[in-house]
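Dropping the structure in here first, questions after.
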Amino acid sequence: LAEKVICFGELLLRLTAPGRELLLQSGRLDVHVGGAEANVAVGLARLGHGTAMVSRVPANALGDAATGALRRFGVDTGGVGIGEGRMGLYFLSPGAGLRPSDIVYDREGSAFALAGPDAWNWEALLDGADLLHLSGITPALGPRSAEAAKAAAAAAKARGVAISFDGNYRAQLWNKWDSDPAAILKELVGQADILFGNHRDISLLLGREFSGDGPERRREAAEAAFGAFPGLKLIASTARHVTDADTHRISARLDGREGWAQTEERVVAGIVDRIGAGDAFAAGILHGMLNGHDLNRTVHAGLALTCLKHSLPGDASLFAERDIEAFLAGELDVRR
Amino acid sequence: LAEKVICFGELLLRLTAPGRELLLQSGRLDVHVGGAEANVAVGLARLGHGTAMVSRVPANALGDAATGALRRFGVDTGGVGIGEGRMGLYFLSPGAGLRPSDIVYDREGSAFALAGPDAWNWEALLDGADLLHLSGITPALGPRSAEAAKAAAAAAKARGVAISFDGNYRAQLWNKWDSDPAAILKELVGQADILFGNHRDISLLLGREFSGDGPERRREAAEAAFGAFPGLKLIASTARHVTDADTHRISARLDGREGWAQTEERVVAGIVDRIGAGDAFAAGILHGMLNGHDLNRTVHAGLALTCLKHSLPGDASLFAERDIEAFLAGELDVRR
Amino acid sequence: LAEKVICFGELLLRLTAPGRELLLQSGRLDVHVGGAEANVAVGLARLGHGTAMVSRVPANALGDAATGALRRFGVDTGGVGIGEGRMGLYFLSPGAGLRPSDIVYDREGSAFALAGPDAWNWEALLDGADLLHLSGITPALGPRSAEAAKAAAAAAKARGVAISFDGNYRAQLWNKWDSDPAAILKELVGQADILFGNHRDISLLLGREFSGDGPERRREAAEAAFGAFPGLKLIASTARHVTDADTHRISARLDGREGWAQTEERVVAGIVDRIGAGDAFAAGILHGMLNGHDLNRTVHAGLALTCLKHSLPGDASLFAERDIEAFLAGELDVRR
Amino acid sequence: LAEKVICFGELLLRLTAPGRELLLQSGRLDVHVGGAEANVAVGLARLGHGTAMVSRVPANALGDAATGALRRFGVDTGGVGIGEGRMGLYFLSPGAGLRPSDIVYDREGSAFALAGPDAWNWEALLDGADLLHLSGITPALGPRSAEAAKAAAAAAKARGVAISFDGNYRAQLWNKWDSDPAAILKELVGQADILFGNHRDISLLLGREFSGDGPERRREAAEAAFGAFPGLKLIASTARHVTDADTHRISARLDGREGWAQTEERVVAGIVDRIGAGDAFAAGILHGMLNGHDLNRTVHAGLALTCLKHSLPGDASLFAERDIEAFLAGELDVRR
Amino acid sequence: LAEKVICFGELLLRLTAPGRELLLQSGRLDVHVGGAEANVAVGLARLGHGTAMVSRVPANALGDAATGALRRFGVDTGGVGIGEGRMGLYFLSPGAGLRPSDIVYDREGSAFALAGPDAWNWEALLDGADLLHLSGITPALGPRSAEAAKAAAAAAKARGVAISFDGNYRAQLWNKWDSDPAAILKELVGQADILFGNHRDISLLLGREFSGDGPERRREAAEAAFGAFPGLKLIASTARHVTDADTHRISARLDGREGWAQTEERVVAGIVDRIGAGDAFAAGILHGMLNGHDLNRTVHAGLALTCLKHSLPGDASLFAERDIEAFLAGELDVRR
Amino acid sequence: LAEKVICFGELLLRLTAPGRELLLQSGRLDVHVGGAEANVAVGLARLGHGTAMVSRVPANALGDAATGALRRFGVDTGGVGIGEGRMGLYFLSPGAGLRPSDIVYDREGSAFALAGPDAWNWEALLDGADLLHLSGITPALGPRSAEAAKAAAAAAKARGVAISFDGNYRAQLWNKWDSDPAAILKELVGQADILFGNHRDISLLLGREFSGDGPERRREAAEAAFGAFPGLKLIASTARHVTDADTHRISARLDGREGWAQTEERVVAGIVDRIGAGDAFAAGILHGMLNGHDLNRTVHAGLALTCLKHSLPGDASLFAERDIEAFLAGELDVRR
């Protein structure tokens, strides 16, 4: 188990229509804390790792609630500062059957997005850290956030702290400002030890396509990435086929420089909440990596956590090691 | 888009057991407005058409709520009068798995059923109307309602307003009084431009069976109906196979005098609320027809809306054009 | 009853902690539509007046819900445009006992605030209007909104439409930009026929204090306002004493140029929701004024509606004329 | 404790707006079983008496729920038959502050109202009974129900079973048909051993007014009633002053032929649910009477139960003897 | 229909996380009454049989609620005594998708477990009884409960009352004390007329394995049991395959001495609540047996009730005969 | 602000009937974490103090939820161990009007109660601590807990850590075992620096009565306590008068050796949740004491926090310094 994994990114509150209703069909909302990096922090904390969130929220009941929710699940929030700006929000109508889930983002002007690279004292925050986890959402939020992401990665690199980077490419965010996503992302991936992303993410980074399909294409893309980014040690990705909003099929893959591991495809039916499944996957992979497990065991932990996440309301995986084990052992009936 | 589609029929309040419970298993009920014709009105209004409801409710909080619910979704309720009688109710235990949904009707003595043919000033109501939509439920409610339905259809016919008629055959209602459903329905269908009904509805109207099965039988029945009702231009129907309360398979068909269009069958799994799916189909078909789309595009809009309706609590389709497009484009994962 | 009262202002969604909890103490929120001017529109519509809202919302489920909520209660929303920007929000922890209610505003960057004076076609909107109702919140939102408020008032004045103005002074909003509230408010009040405000509002406008206390001070302030604003015909205000969050005492006053009317003080205990009580008062006063009632009857309608509003969840008065009559008749036990 | 108290009357379902909302303000309803006589049955059963309900409900989930709710609280429902007709309903908006509670009745055509005097086998039902409790609601429902009430009373009288009659005068019900309430009620009260009613009820029965006020007027009326109805042994009544929907003041009185007992007035603040308070009073009085307690102890049990009922959601008193004792002992802080 | 079926066992309250959440993920719990034998009692009562529960609960609101819940559904609770000890509880996180349901038991020190064999007067309780139903949970609770179970069975045997025994083997309970489960269970099964259990239960009783698989193994085990227990007339069991928490496949089998009946396998998808499915099966089998139906009709009633139970929140089957018929007739779409 | 305040005691989950219902009147429960000492920990943490809980919970979802709830509000839970036993529970029916709140305790066999004095490593836990807070509940739980309380106090005393002791005398707990409460409590109070308790608590400790009433009696008792316990520096108490479940009057008092401070009496109306008010008082007093405030400022902070607590669902005060200030400044209307 890690002593201290730092997750850096925006905290969001998710406001969800209950009971498979459309947003505000009736006047009720359920609130969960979210944000890609925060979900990883919670997921790892529940697996027993020491985790710490670095972010910024406004000085009001919303910021307070978001921070408290992380603390509840064991995440250290000493690095969550208070600053000018709003609480980032998003509104979700969960899908059902042939109706997809629908998200209305309302994150502009957030305290996190308004903070610049100097908002955090990385020297102190990184002290004793095992890993820094970042995602491609932070640099997409605007030039100040892009600088902040680069500053965080540079500080980690300088102190020899390993870096995990989840691509999470969001075109709409990048399109809102005069951005050069490929350049910025390349700089960040260039410092990473582990990358979460599939062949499409790598195409974007390297400006080339990968032909073929399935595992072969993924391996080809991985090898190209390993060539382009000498510090990169692992590339993790999932493949998802969507039957309808309630049933997906998912497999997971983990590429190392020397080899790879690929899981079977699992049918995930009866989906309760699909949001955060990618973050749960990241938590599962990092769990294996931090524990020094091999590629195969690690990729199955990632598959387990992403599959299990679909069964749970809220953005974050709340599962423990025993849940991963039960999943891998095929335990599906009532546990008494 | 139409300027004014008039939907004439009874407004109902639906009182539903929450959380897949049986009725009053715990002491809570969720309330939605319903009624077959009102569902069509809401469905069309959400697609951008001008729609107006013509009905009658009691002068109390229940009638007020039903009327307000239609207004909320953009339906003009100037034609919803106030009169003696109760608010029509029905109670629903939504099915689950191998347990079917169960309805307890409580609509006797409603303000709508007590109103006779003179309760509405059709001359004023039909002014500027593109279409009048009726269903076979209204004439089944009793002799006064049968007269009211005939008066509405006659007034529309006299003013050259197109008529849409949804069979909605309800034997229990017809059986409660000394009725001749075939005669009354024939008179109404005889004035209709579009009929919602399958071969069984046509058998009832024409007093003959159609052999064979599937599309052929449907075409044979449609041609018989076109022969019997010279004013009829379109016949629309769905075919539904029920695996269990959570999973159905649905296809749609639209017959014109010159040709037809038939969709593939879609699996509708993870059903949230099956009530009103036929009304959503009618709204989708009328949407295509009012927009002048061809048979194929129109029948797919009908299929889209009926499939999507199963994903939504409440009786009415609340979907917009963009939802139909997403459905037809196969978009099933989270829309951000 | 008026044919058409236009209310111009921002639409807000209020997200409220349920069950007297603090905000996000548990993860649920109840949503109501709000906004001072929208509350007046709903209040008047429920009393039978033709009312129309003029505002702007974003093209998403939030804007759609806010507009639909007004329509539900009978407000014409043809003048609610769609535009760039967010939906204005505010979060409420309702008070209890000795704990005051607490509001977190989150309205910056709203579609309404971003709209400038040219966002609405006032010529068309004011056609056939009896009255335009504005409040001091709109000009406080920023320079563009201040221009928009002035443009609306000028257009009404030019067409001979009477103007109602509710002071609603919000120092925090004015302080956020380089504003001159007294100058802007004076210009707006200078065009108004009726002003909602007490001696403190008038002090702010005229730059002078009023000594004494109670009704005398209010009369002195009213006479000063009548002197300064020759077009002003009526000044309406309430006086509120707060025992605790559950119990207030309220009296109402209406000053004309020739005379005044002043109600007794009513104890309002068991407060359910205090938000929007001022807007309910405005609706009650406008109701009397639009019906041509005398000062005394009018001020009692205002008192009735503001007192009754405290008993109702949500921002707007939903009461009918019969509720005002029952209040004034002292009916307090179960109505069967 | 009694072996068998029979309560005869209509069972109703009450559908209540939650959270002090107006009816259907949001689309949720809470359901409780009610009906004046059923409330007495539940109240007595919870105090330990053997009680049995005699009524009639429809053969559907609503009738089943109403019957089950009585059984849950210990009432024997063997005498609740199944018959044609609807389930009687009523809808409640609970009041708050200066807004009174509002009821919409929807009980016409109920299975109970449609049943005539032959619907029950009184010989079997009354076997072993200590008391038959009736109210003035049953005969008001229509001529068939009036006959049914008379038949029940006559059968009890014939078998020497004591009769309790609660006036519960409902003008709206009597006005719906060609009725002679005074004559019918006199016949029923003429067979009663105990009457629940105040001087106004007695005025109606005897066709005369009682002057003076307070206890004196009540005694004068009681003595007149004792004179007119030789079989009458006890007359019980409450006096209620309504400050607002949340605060009432209540006192209770019990007149015997030889003497009387009168309680002090209690302030009942923080009212949760005022419906059924009269029925709780009746249960408290009958409890004392069936236990052979003296007038003073009996009237205080009645006061206790009626005051306590205001604290409880639902129509019926659910209190036990120890709650009455705690009330009379003034225990008001947390019981651990 | 039976006059009196006695179910003897512990009453439990089940506290369930709502909305597919983990336990206490948000701070709400839904409460149902449970306990294997109580579920059978409710299931039979809803099918029209006279049933009576024999148990013991504490003298507080929890015990009262559990008892009332049984009464509501028609179970006689005169045999539910009051005694020292707690109310037995269990907490449930219902599973979803690939996450299994999870139970936290909290039943130690319950009033039922503390009661010894002398806590009930079996002579009186068994008077007029058709059947006594027991399960293997009661003797597993501890030595006093094991004695109580044996005393109940012996008393029934002595009076010629048939005995039904549901294996319900719970290793955790037996492991908590110095127990000899096989010996105790053999004594109880030796007195039973019908046994609910499959080849694994029989292996445990007889100390031998059964090879092969499917129906053959079940028949072999049944014949071995019939050989070992001369009084045994019927052995009933289900076979369940778990796809995920939402979808199971179930078949049922009933072995008599002369023959057997075996159902097809049904897919039970969209599972709402899997708890109590075995008890529903027992109720269905006992229903057929008490009605004198043949093996085939009886086993299909068992299959119907166990399949239907999965669609219902709460522990007990609430279905009526008409629901069994609709299931066997394949009615799956809305019943109007 | 303190660096580290340690609160030692049992963690409980409170299961509360919602909506002023009786326990399990409908089948829902709201869950909050409680326990007298935990409430103090949360109260102090929300005021900005470093706080740490020392307790023991079972290794299941209930223990996990209790611990997480403390963490959410900023309490360090590193000292909350895992052990054999149950989670302590209690069930609450909140009172209303003239019906008192009612508690059913279900805490026997809890993991905390089963732990003995060696369950915690006090040397490590007390490292760097400013204060240890204990209450009279822990020693009342049984002989092992009494030993644990004494061990904690002795360890604090040995390390020079100040001790705060809240009397919280619970006769029912002491009566369950062969206890000598006065002796044990005297030993603990003898080591305390601050005692929460009134003249009745002191009477119990010293075995003598104090005559007179009001502040004089309290001073006399305080002086007696200061005489008997030389280490005691402060004695804090409240006086409460209960009008009904919704309205109490409260004053606070703080006695030092040299002087005292006494507040006015405040009317606390509209009570939402009275549980934990004493713990909130303790938190307020400790807040002042830890900040070095004078007696008067300290006692008013205690009064503020106890009054405010009544407005909040749940057991613990969640208020910040600004809420105390607003209370003392008399701010009662909406804070925007």
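All chains are identified by letter, namely A, B, C, D, E and F, in their written order; residue positions are counted from 1 within each chain.
Methods note: a residue touches a chain if its C-beta (ideal position, glycine included) is under 8 Å from a C-beta of that chain, and two chains touch if they have at least 3 such contacts.
Everything numeric in this text was worked out from a predicted model, so none of it was measured.
J.: On the document's contact criterion, could you list the chains that touch subunit A and likewise touch subunit F?
T.: Common neighbours, subunit A/subunit F: B, C, D, E.
J.: So which has more C-beta pairs touching, D-E or A-E?
T.: Pair with the higher count of C-beta contacts: A-E.
J.: Just give me the whole-number Å value for how far the CA centre of subunit D lies from that of subunit F.
T.: Each chain reduced to its C-alpha mean, subunit D and subunit F end up 45 Å apart.
J.: Quick check: how many Å separate the C-alpha centres of subunit B and subunit C?
T.: 41
J.: Need the CA-centroid distance for the pair subunit A / subunit D, whole Å please.
T.: Taking the mean C-alpha position of each chain, the two centres sit 62 Å apart.
J.: So which stretches of subunit A touch two or more other chains?
T.: Where subunit A meets two or more other chains at a single residue, that happens at 22, 27-28, 30, 102, 270.
J.: Specify the contact topology among the chains shown, as one of line, ring, star, complete or other.
T.: complete
J.: Applying the document's contact rule, which stretches of subunit F touch subunit C when the two form their complex?
T.: It is residues 18, 30, 266-272, 307-308, 310-314, 318, 323, 326-327, 331-336 of subunit F that touch subunit C.
J.: Which bits of subunit A are touching subunit D when the two form their complex?
T.: 26-28
J.: For subunit D, which residues count as touching subunit B in their complex?
T.: Touch residues, subunit D against subunit B: 13, 15, 22-24, 27-32, 60-62, 64-65, 86-87, 89, 91, 93, 102, 104, 106, 108-109.
J.: Write out the stretch or stretches of subunit B touching subunit C in their complex.
T.: 68-69, 71-74
J.: What does subunit D use to touch subunit C in their complex?
T.: Those residues of subunit D that touch subunit C are 19-22, 25, 95-103, 105, 170, 172, 240, 242-247, 270, 274-275.
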